[in-house]
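Each of the next two complexes has chain A plus one other chain: chain B in the first, chain C in the second.
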Partner chain A sequence: MKRAEDNAPRIGVFVCHCGINIGGVVDVPQVVEYAKTLPNVVYAEDNLYTCSSEGISKIKEGIGRYNLDRIIVASCTPRTHEPLFRAACEEAGLNKYLFEMANIRDQCSWPHLHEPEKATEKAKDLVRMAVAKAGLLKPLVEPEIDVTPSTLVIGGGISGMTAALCLANQGFRVCIVEKESELGGRLKQLHKLYPTLVNASKGLDQISGAVKANRNIDVLTSTLIKQVKGFIGNFEVDVQRGNGETAKFEVGTIIVATGTDVLEPVGMYGYGEHSNVLTQLQLETLLRDGKLEMPQRVVMVQCVGSREEKGRTYCSRVCCMTALKNAMLIKESHPRTDVHLLFRDLQTYGGHYEDYRRMAQDMGVKFIKYSLEKPPQVFPKEDGRLDVSVYHALLGEEINLETDLLVLSTPLIQCEDAKKLSHMLKIPIGPDGFFLEAHVKLRPIDFATDGIYVCGTAHSPKDTAESVSQALGVASRAAIPLAMKHMRTEAITAMVDENLCSGCGTCVKICPYSAIAKDEKGVARVTEVLCKGCGTCGASCPEKAITMRHFTDDQVIAQALAAVRRELA
Partner chain B sequence: MTFEPKIVGFLCNWCSYAGADLAGVSRIAYPTNIRIIRLMCSGRVDPVLVLETFANGADGVMVMGCHPGDCHYVEGNLQAERKVKMLKKLISRTGLEPERLRLEWVSASEGGLFADVVRDFTYQIIAMGPSPLAGEKPDVDVLEGILAAKAAAEDFRLRVLVGREKGIIEDGNVYEEKLSQEKFDETMDEAIATEYIRNKIYFTIRREPLSVRELSKHLDLDPQAVLRHIVVLRRRGMVAVDRVEGTTPLYAALEVGR
Partner chain C sequence: MKVNNSVLVIGGGIAGMQASLDLASRGFRVYLVERNPSIGGRMVQLDKTFPTMDCSICIVAPKMIECFRNPNITLLTYSEVQEVNGSVGNFTVKILKKPRFVIEERCTGCGMCAQHCPVEVHNEFDMDLGIRKAIYIPLPQAVPLKYTIDNENCVKCDLCQKVCGAEAVDFNQQPQTISLDVGAIVVATGFELFDARTRSEYGYGRFQNVLVSLEFERLLSASGPIGGHIVRLSDGRIPRRIAFIQCVGSRSLKGGVSFCSSACCMYATKESVLIREHEPECEVYIFYNDLKVFGKGFQDFVARAEDDWGVRYVRALPGEVVEDSKTGDLTLWYEDTTENTTRSIQADLVVLCPALIPRATSKDLASVLGLELDEYGFFKSKDAQFAPVDTNVPGVFICGYCQGPKDIPESVAQASAAAARAAEVIAQGNEGVH
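And now, the complex of A and B:
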């Protein structure tokens, strides 16, 4: 082993066999011997499983015994195991950013299992690259911030109110901002909810009553969000009241529960032309108010403006059940009314809902499958009724239905002002127009931006039960920072060298999180808690005045050179 | 021995690095040549990093990021795309084949695609043969070209153009003037040509002082144009008259200012 110079880094390398996962392909002892020859490496060993408690104690022991100040583990992917090894370093008194990984399993022994010799050479290269970077690593500090113990809930529908109540009952202050003049959202327009047929107003009155009575909740109706600045723990919110007054307050976390609009199918199936062509939502209101004069025949068309080949390709999830429910409500009060449901695919997922469909069938609702290529056509008759002509996809023939009422099942669509909110909060919108979560499976109600969460139909079409459970989920997510009172933020952030910065503002424009602004001296300054560490600013800075911590030019170039030139290691 | 190219991959943490992990988890085989450097975002790929990697003999460089619309950092990947576009134009002037640089979008769920693009790129590089800058004796001309390209990529003008491309085309400048993509590309091409040739002159006369005529011949460029560049370089403090032979001044590169 080479003797390290004074003040030179003292690197320890731990090479993992991962049972036979690595050791069965890569010659691990050879990699260890190779690591020992690399500059500044003062210790190297192999472990059967470096991530086992035994392996972890070996790392900690090594730090103490050999005075190691940089640790490299050559094993699996940092995406899963870096936190574990970093914690081990921290427990042994070493700054966790002085740790580096070489991915010799997922990106070496596994894909190259038929080429053990080349895999061993590659493993050596990967270790050499890690050593080259490790020598240049700097200890980093995660800044600590205080958290304002309150939450802003945007939207006072069932989702927003549920989340607000849940947080308020945990003792946190909540402010609901609702653009309409009263709470309730979309549910206010609904009649009965499937599958229990409970009155929508019943649940709604209960919950909005509880919200209004809760002393921890402030409700601001007829109010719009004007601006949101800041970051997790310290958001500054500007709102505008209906009377033109403005107000300002601070919150620690934000819940987006803005709900949806429902598509107005203008120009489709005679909607807007004939007064007896309605949307399901309009039918729902008529049923609720008892204003539907029972027609002899009702035809419902599913997937109007949804599940299209291009454009709105998504399934709106709630329409099949809504149509079944309304069909049954009609059948219940007027068994002799003929109800036809024209569908492309009936999506009555899960146990209850499938039973529901059978019930509708038993009650005499008639189902006709149509195809995307040959959608139903509507022709007005002189007596004001309509002829609906549909190609029965199963019978393979054209059928004509004379009807009094045509009801169109249109999808839930994102609200028009969602784009504004997306810009204001720096939260992404997905291809369907709905707000996009941080990870579809693992972080389904978080945004990538810390401290902001999404629930209800703002996220995707869903029914009341689904919205409520998601709302309870976000309430618990949003409560975590509030309960912690303080939190640590990202240490891997951008840093501006004031002496080099010319104040050109390129980074200010590029930063997707508004984390960079020009200060009073006219030079760029990074708000570290806002910075997510992507490094795009540094890669674009015309003066090369920005250093991206933990991924500095020097560190990356050292890795690249170690990758191509053996002797430079 | 068969040619085993050295390929460096700059991969974003969230999509393509995860895609590479998935290829491994799924035991999908691909050539062993690629050496991956993990970055948080493909937007972190400074053109200078790529040129430095080529200067040191990499046979190929891959930049991989999330698909457009999927970027963990909103649109760092589009910044990467702009940088690679500029880099390819710059590299094509140096004598190194721009095809040695490739940008690919690979998501975290596309282990198979990751293996496919790496395999394809590796075979392409094997077919192209070693980089003129690889090995013990790199091609001096190409190396000078890459160093000139690197210097150009370090300089304010190209960096500001790449960094501001979206703003210039979509938002306009402070006078709310917008440029069309075509017009922007024209401006960019002109800037690349000028900045590259100036730096190329610099690196050429760093080796030995030359006259305008000699430079013009060496670079296959109109003497008037060479002279104009020399004037700019002198003003920037990068070039000075080394000596006068007869009535012909010979110019030399100054180490200061770089």
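And now, the complex of A and C:
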């Protein structure tokens, strides 16, 4: 049945030049004229940048002036720009799900740079498809949820404690869960911190004292996370205490501050074979405890097990500075001890670190650059000392360093239980083994999963100052939902038709967000706030009982038919 | 005394925007002060970002618009902080709003004025390689989209005033002083470039085909002065070989700064990959000292640049760049420190990566705010390890490059950190009321 004319959708189309990104290839005015000929399109215009404040005003004006009830922007990618245009619709009183986007940049002007005429035709096709879908769009509502005003911090190292303290001081309740028997994390093993040479224990004692004294913070040591269910604002956490007791509590947001392990370089450079081959961390602890029998000759090797060609390809960031610092501490107390530092590229980045290197040089620390192709070699001597042989590029020859102590700088590596946590919280791990943030550039401490954040070395190797910066950063990110008290969640979710569902359970098994369960009638039921609208269930349902809001069969088929210039029967 | 629930953010780059958005989205009132006519900072000048190769303006423009749209954020562009009194919880701030000679409330950003303006001057946004008018917006995505008359170059011909349908041009506009009360202050003023002219051995300023990296970034950019084509400025020819020189004025004890700028090895790698993408025939060499690969995904990015894109890394100390005055071609003399020999290489274009240094104006701002600077001129942290965003003045926080060298994600994370500390002192002043 044909719609009555006055009930027909009133579609407005805004075609963006994106400066020359689109306009330099696609004939944008031609696309606008074409759009005006399409069914239900009552208004169309072009903008130099539809995303500029002027472009946004044009959309809002158009909605008011022409009584538009569907908006299409033909521009770039919805990934970055859809929220912006949707918000513009909303501000003009239009339900934001009555907005549709045609990507005529990434899918048109960029790949078809050298074929402007064909690109213009394709842009018209994409706009026609968007118009076909837009006519069938339905307004949707984002469910509102309450937020429990508290945070779970996983990990009681410097990052976790810093984040917890900042949140607690803002008035939110925080629970720190730490698997070890006391707070402190990696910093407990360290001696002095570069570049200020402050004792690690000094800062640590201060902050752990403040954490313990804060009445908004609960500390659960010797405790493991057993299960986390729920979603942003309403996470249910199950923990197991050291004494076997279990506990359950609710939080609104979760901070992952689980830190790292340090690589044990078994089988490398004679580690594990010779007692005078140590890791940099072992040296650090000996220095702290004053237990290092001062050797006459020390050789430190950087990048042991990091920056490899395959496997652990990443740079562990903190090792160069740690080695420099420990080399200087040795030189300071024993100026006559020879210290050689064999490095590949010195990571003395940032403000003070380069001057630190100069200081080490002035104190007599000797630097030799080696390459990945020609790593140093270790030969044991009969008297228990070692010969370290390394190719010296400047001299153009292999040189031999006799040494009493070989120190290996090994990288920070992801904790063993990270995988378990990744699975439990549905947070991804990157190719380097560390947790992977939502966006490397602009969302560095958020996870893609709402309400969960990452900081410190769980994110990637970093030093204390950098960990503290990130920890304070997540204290801001995690506080936003808590301070808002309520929030709206995704409206594009799966919908089950109970009459069609056979209760086979395929969707329950396949849902990556555990958002579907069978109800008492034996049919599938979706927990909407958990559903991310990925569509996996809809695609796999053998009975076609699941409809994806905003991507209904009707809408998608209309769009596809429009691509081949046909209409929905 | 009750503390004030609003925050002043100084600097509208990515750090200042992130701090503002974090605070505003949880209900604080934010005044974002930017001395340029548009917010956006350095990121808007970049073509792509390392190591993900995201288009820079494409990811930052939505943030700019968010700042513009957020009802809790008041944008004070083309404005400068003049005076700050009071203490944590209750600062009184005087802001100088410079005259745009365009009434912001009336300007629709249509651009008719610029079309008719007869005065052409170099565009700072394009590192002076492009042209703008005397009435202008710094970039097409400017936020707010309001024109500004550059009084130094305006010839007062009145053409803009005549064609402006909104009657927005006002030659009599006067500087305005705005007084604000805020509870906390976040400083995010970024960096500037070391003047590569002072390294005369590399010929910058003397040879047309020697550029600094941010100039080259504008040439690479599709929105740049030549639409993203890689050509030599001297003759418009596509270069066959481009050489990057790292550490120009950085890590230096003679006439530069002693620190490492932290971002150059990676952006040179990014620009090199972009060259190979645009012009596969063009060879690219990066002359470096120590390759700084300390960040997440950096080493893999360098491996891709080397293995997949054929970018060549040479560990060397470049000594001098010599120009053939007839052809404009360049010869780069360098000491190859892996083989301890002196060599030379011909290049059609040389790109210098100058030190990124604290702004010269940091001193003035430091004295207005009572802040200490460190030995390099960065705003000094209260405690280098445990309180990196706090300063010697309670209630004043620092983030981004003005606190010390860092890249975009580090600036973003630290901006959130400064926002958290600002929220914390306000909440503590209000005894946990939020």
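As a working rule, the second predicted complex is superposed on the first by the 461 of 569 C-alpha atoms of A that agree within 3 Å, B and C clash if a C-alpha of one lies under 4 Å from a C-alpha of the other, contacts with A are read in each partner's own complex, and residues count from 1 in each chain.
In this text, a contact is a pair of C-beta atoms (placed from the backbone, for glycine too) under 8 Å apart; a residue touches a chain by one contact, two chains touch by 3 or more.
Keep in mind that this is a model prediction, so the values were computed, not measured.
S.K.: Identify the partner contact of A:Leu442: answer first if only chain B is touched, second if only chain C is, both if each is, neither if none is.
M.R.: The second partner, chain C, only.
S.K.: One more residue to check, A:Pro78. First (chain B), second (chain C), both or neither?
M.R.: first
S.K.: A:Asp125 in the overlay: touching chain B, chain C, both, or neither? Say first, second, both or neither.
M.R.: After superposing on A, A:Asp125 lies in contact with chain B but is clear of chain C.
S.K.: Which partner does A:Pro431 reach: the first (chain B), the second (chain C), both, or neither?
M.R.: Both partners, chain B and chain C.
S.K.: Which partner chains sit in contact with A:Arg336 here, chain B, chain C, both or neither? Use first/second/both/neither.
M.R.: A:Arg336: touches no partner chain.
S.K.: For A:Gln347, decide between first (touching chain B), second (touching chain C), both and neither.
M.R.: A:Gln347: touches chain C, not chain B.
S.K.: Of the partners chain B and chain C, which touch A:Arg215 in the superposed model: first, second, both, neither?
M.R.: So A:Arg215 meets neither chain B nor chain C here.
S.K.: Taking the superposition as given, does A:Lys291 touch the first partner, chain B, the second, chain C, both, or neither?
M.R.: neither
S.K.: Name the residues of chain A shared by its contacts with chain B and its contacts with chain C.
M.R.: Touching chain B and chain C on chain A: residues 77, 431.
S.K.: Would you pull the chain A residues touching chain C in the complex into a rising list?
M.R.: Residues 19-21, 24, 48-49, 51-54, 56, 76-77, 80-81, 83-84, 87, 91, 162, 166, 169-171, 193, 195-196, 198, 203, 206-207, 307, 313-315, 317, 345-355, 358, 369, 371, 393-396, 430-432, 434, 439-445, 455, 459-460, 464-466, 468-477, 479-480, 483-484 of chain A touch chain C in their complex.
S.K.: Please name which positions on chain B make contact with chain A in the complex.
M.R.: Residues 6, 8, 10, 13, 17-18, 20-21, 23-25, 27-30, 32, 35-41, 43-49, 52-53, 56-58, 69, 72-76, 79, 83, 115, 134, 154, 156-157, 159-160, 162-164, 167 of chain B touch chain A in their complex.
S.K.: In the complex of these two chains, what residues of chain A are touching chain B?
M.R.: Residues in contact with chain B: 77-79, 103, 105-115, 118-119, 121-122, 125-126, 129, 426, 428, 431, 448, 492, 502, 504, 506-507, 509-510, 512, 532-536, 538-544, 548, 551, 553, 556-557, 559-561, 563-565, 568.
S.K.: How about chain C: which of its residues touch chain A in the complex?
M.R.: 14, 18, 22, 25-27, 49, 51-52, 54, 58-63, 65-66, 68-69, 108-110, 140-145, 222-223, 227, 251, 253, 258-260, 262, 290-300, 303, 315, 337-340, 374, 376, 378, 381, 383-389, 404-406, 408-410, 412-421, 423-424, 427-428, 432-434
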